[in-house]
Amino acid sequence: MNLWLVLAINSVTLGGLLFLLSAGFSLIFGLMRIPNLMHGSFFMLGAYMGSAFLKQGLGFWPAALASAIGMAVLGGLVERLLLRRLAGQELAQVLLTLGMSFIIADACLMIWTGDPIQPATPPDLRGAVTTAGLVFPIYRIAIVGVAVAMAVALWLLIDRTRIGAMIRAGVDDAPIARVVGIKVSQLFTLVFCLGAALAAFAGVVGSPYLSIYPGLDAEMLPLALIVVILGGAGSLLGALLGSFIIGFLYNFGQALFPDLAYVILFVPMVLVLVLRPQGLFGRAAL
Amino acid sequence: MSALVVKDLTKSFGGLRVTRGVNLDVAEGERHLILGPNGAGKTTLFNLITGDFLPDSGSVMLQGRDITRAPARQRAHLGLGRTYQIITLFGRDTILRNVTLAALGLSLRRWNPFVNLDAQADLEASAMAALARVGLSHAAHRLLGETSYGERRRVEIAMALVQAPKVLLLDEPFAGLSVDERRDVQKLLMSMPRDITMVMIEHDMDVALDFADRITLLNFGEVVVQGTRAEIVADPRTREVYLGS
Amino acid sequence: MKRRLPSMTAALVVVAAMATLPLWLANTYYINVASQILFWAIFALGLNVLVGYAGLTSLGHAALFAMSGYTAAIVVTAGGAHLLGAVAAIAMTVATAAVFAVLALRATGIGFLMITLALGQIVWGIAYRWAALTNGDNGINFKTRPQPFGIDLTSAPAFYYAVLLVFLTAVMTMAVFVRSPLGAAVRGTRDQPRRMTALGYNVWLVRFAAFLLSGFWTAVAGLLFLYYNQFISPQVAALQTSAEALLMVISGGTATILGPIAGAAIVVVMKTVVSAYVERWNMVLGIIFVLIISFMPDGLVPGISRLVRSMWPQRRSNVTGERAAKAASEARP
Amino acid sequence: MTIQRRTMLKGLAAAGVAGAAAPFEMAAPALAQGAPFKIGLMTVKTGPLAQGGIQMEQGLLTFLKEKNNTLAGRKVELVVADTGGNPAGAKTKAQELVEREKVNVILGPLAAFELLAITDYILQTKTPLVAVAAAEDVTQRKANPYIIRPTTTSAQCCHVMADYALKELKFRRAATISEDFAFGHEQMGGFQRVFEEGGGKVVKKLWPPLVTPDYTPFIAQIGNVDVVFSGFAGSNPVKFMRAYADLGLHGKTPLMGGWTFLDDALLKSLGDEALGVLSGATYSATYESESNKRFVAAMQKDYSSLPGGYASGMYIGGMCVESALALAGDKSSDGTAFAEVLHKIKMEDTPRGPFTIDHLGNAVGAVFVRRCERKDGQLVNTVIKTYPNVSQFWTYPEDEFLKSPVYTRDFPVSKNLEN
């Protein structure tokens, strides 16, 4: 097995998953300036809900979609009922989203017990690609496809639609957007739902190889933060590139510098923040 | 010796040149007015002088000392004071506390975590003196949030005065004031002793003309005309800028 | 000055109650819970210097908290005296805080939060991985509590009194700091950094000073944590600890002195006492946070004091002050 | 939300324990005499470690229900404490159990770092403790007279697995992979020592951090070996085995591990990727003893789950308390005396078979080598060899064993590593 080739391919696949995870976080943070510390919880809860749908006999992709829709509704409720009242109050948002993440984590533990769940890989995507002594699971390569498709879809949404134009205007300057008649309030709800749905979708897609267990939320949240910090908030392209950079850093870092395994992602994060606080691809200062 | 000299000051943001080769020479005790329509680059010029921005090229001298690259905070210690166009004060504190905070800014005591600021009688006394000069002694203990716009303008000036600046930059001190308030501020500025050199930005010629010894007219970041009051009024380019022919 | 009389009386009553607590709480378990509340409160007060007064939200303070405990544990385990351990712990932690500050003060707002988070994770990683020094996840057992002036702190009441003494010192110096020139400068840099610069303040250095002060009290709290638990392991440096301390500050009320104390009390009581009766105590804690922030967005202490003021409208001057403050904060760009 | 611990336990009873908890409050059976004997269970019911912690509680509740809360003729009362899975929480909860609840014995806690955080306190307060956490030195270089461990040290099963790999499977080249923390270090150290002293070579040692979202970069480094020995714990084995299979190594390079790597309780979370994996444990749900049949049946009935090491550890812990109560008689309320008696128990019919406690407090008993197989559609760990009377020192003389340092990341020293 060619180690470096496996690492390279795996970097791309991990990058794909990270993009699915962090795109929603980036949108929410970029537009609403909300440090959504329950994003990891959305990911985990989404994965759990997906596993429940799978158990009910739903197909893999329908389950992922159903979980995303469920999470969009839940995210919308949280935004409308709770976050809405705290606009602009960053610390209050931190407290609220952390508090919600406690609640979601404990609710998951209550409903799904602590036993790890590992949904089966979708039947069509089982097996592995075998070439030149190299074995690589088809499903992981498929994740890259899904991530790229999602990136294109999001890009079309943001770049080519009216809603997208509003979102862009909102990211650039919320007060001005309000002046030109964009209902920022509804836009925020929409974006929050979208972000939550993306996280849940990512959770289901990731579950066959990450598996689902208590604590998954806390593992995923820092990854989403790092990607968005590296890529720059509110920039889809930034999130995409950031995801792949982290994918490569993680894979090669773990293999090349095992002694630095614990800090392999955080040292670059500090460096980027210190040297370029707006992120590698972000425009506005944080 | 000139109080403030600006030489060939240039600054761009992105591709946009907001200040182009501006020269300014303000004598000790002079009242200098900087005129110009909105967007002429007046406030940017102030920001370059106070050090909020660093210029791309050119220099700034304060009383013969080159301060082009000096940090903004240091310029305050060297005797450069400034009031703001958009009022940025500490609304949750009293007027007195606002002015005391200004006085404290130049005192070494600002690093002391062990004493009560309210017990610093000398700082408070100088703050009260500054408030007296702007006619706000009676309101010293009011919360700033409860005061009128005109009063806040005067607090701005008191905060500058309490630092005993040698050169005071006034950024549109009349903006948004009622006729009465305008007259009060005007009177206050006119009564200022000559040991303070003053540079004022204003885009409304009428209010400010009486104030100025010399005037600089800016447009599109460039000096259009410079000279005495009479020279400026007489110059056809002034009419051009203001009437926009 | 007359207006402050009731609050002075209240403060005296509270201090008296705290001083006699071991007498009316017979069970040492509860005395120990009280000790824990106090040193967590010191931690929260220290964090509040940054979060509340300087407006800089740190999610990496657990690293400083742990740094202090680890340093003392390592020094004392290596045969150093307790005093040396304590001094080294505080020096080391303040030095680390200085490094954190230099890096994190490149940014404010979310950027600051992210840098501190990442730095905290790095320290956590080191605590975990550098097992030769830290004994890895097995942690370090700290055999005996120190004996300041020959006083044995083994018993729960003795330790409680020692912590209470430190706690009261912390509260008093914090109260003095808040009213001090530096305290005013720190709050000024939070509200109007640009204006403060124009007034001659070195905003960066003021924030740096706030970070060091925050680091100092965090170090003191970390020491007490070590003395209390007589054990330290990498979990202390984890993000969870930073988040918990931050939650204490925000839920109690930032930029107040009572707020972080109240927040510490809530979290510690939930974790220790309530968790014995309610299986889903984690969820209850989450719900409490959500409720506090929904009904009192600026925290428990400011929220309650506003409630109290609205019930006794005769203290009008404060109410108008509140309104003025609100107007002012809205006026800010 | 229930407010009272007791009502909470009743709630549990309603949820399927049916009668397990309620009798605490019922009139004492005729046999019981005097004040109830209080057992404190330190476990983790919230957070990432809850999986094992919930099983610990289930195991103990199953035992107490079976005994109708009466052990050796004495009524017992159970107090459950949730440490939250961190050392400071463990300390506080230990204080709650000892100082407020005045328990006679503590069972638990789950994690090694929790146990290490309270060992000094246990000694100070003279509280007997029946441990499940595996930290070697608790019953070795820093043995504590108040602690016994009826399960296993970290390395106890791994010594056995190394022997099996060498002698039965004739493996010579091995790679080890485990989380980078003490439990992993001690397991891998034990395997390496026996494997290399027997002529094998450990050519690769991989240490992924405790929190590792993707094991691929580590698995890709394994290279050409006869066997991969692993010590993952918690939910990590599930993730690891899937990645191992995904990269085509399942069925190609055999996989072996310690008891947490393929705990019986994990089987329901696993699929075909676990087939053929060997693990060494002091317990197997398939073990044919009277008490184990009762235990497994009760666990299946009340919680519809297969008991693993944590549940059985606490069930067996309960049995130890029962034996000691019978031996100690009137002295059982004296912590020191009770702890002494705990060291003297000789267990016959337990879910892990007969075992004794050595003078340092650790169990000497059977270790099972198990192979994961599918039977009637279900994954099971079938015992393929039993090593009887395994001590924590393996075959080494005690004093020689204790003279060398505890197993770490770098001890035993690796001489055969290849890139």
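Think of it as A, B, C and D in the order they're written, each chain with its own count starting at 1.
As a convention for this text, a contact is a pair of C-beta atoms (placed from the backbone, for glycine too) under 8 Å apart; a residue touches a chain by one contact, two chains touch by 3 or more.
Model, not experiment: these values are computed from the prediction.
Student: Could you find the chain whose CA centre sits the greatest distance from that of chain A?
Tutor: B
Student: Go ahead and note the Å separation of the Cα centroids belonging to chain B and chain D.
Tutor: 75
Student: How many angstrom lie between the centres of chain A and chain D, each centre taken as the mean Cα position?
Tutor: 36
Student: Please report how many Å separate the Cα centroid of chain A from that of chain C, as a whole number.
Tutor: 32
Student: Give the residues of chain A that touch two or more other chains, as numbers and ranges in rising order.
Tutor: 105-106, 218, 261-262, in rising order.
Student: Would you mind listing the residues of chain C that make contact with two or more other chains?
Tutor: Where chain C meets two or more other chains at a single residue, that happens at 125, 128-129, 240, 280, 282.
Student: Under the stated touch criterion, can you name all the chain pairs that qualify?
Tutor: Chain pairs that touch: A-C, A-D, B-C, C-D.
Student: Across the complex, what residues on chain C touch chain A?
Tutor: Spelled out, the residues of chain C in touch with chain A are 51, 57, 103, 106-107, 109-111, 113-115, 117-119, 121-122, 124-126, 128-129, 239-240, 243, 246-247, 250-251, 254, 280, 282-283, 285-290, 292-294, 297-298.
Student: Across the complex, what residues on chain C touch chain B?
Tutor: Going by the criterion above, the answer is residues 173, 176-177, 179-185, 188, 191-192, 194-203, 209, 213, 320-321, 323-329, 331-333.
Student: Residue numbers of chain A touching chain C in their complex, please.
Tutor: Going by the criterion above, the answer is residues 29, 33, 35, 82, 85-86, 89-92, 94-96, 98-103, 105-107, 110, 218, 222, 225-226, 229, 233, 259, 261-263, 266-267, 269-270, 273-274, 277, 285-286.
Student: Show me the residue ranges of chain B that touch chain C in the complex, using the header's touch definition.
Tutor: On the chain B side, the touching residues are 50, 52, 71-74, 76-77, 82, 84, 86-92, 97, 101-102, 104-107, 109-118, 120, 143-146, 159, 163.
Student: Which residues of chain D touch chain C once you look at their complex with the stated criterion?
Tutor: 1-5, 8, 45-47, 81-82, 84, 86-89, 91-93, 95-96, 99-100, 112-113, 116-121, 135, 180-182, 185, 209-210, 408-409
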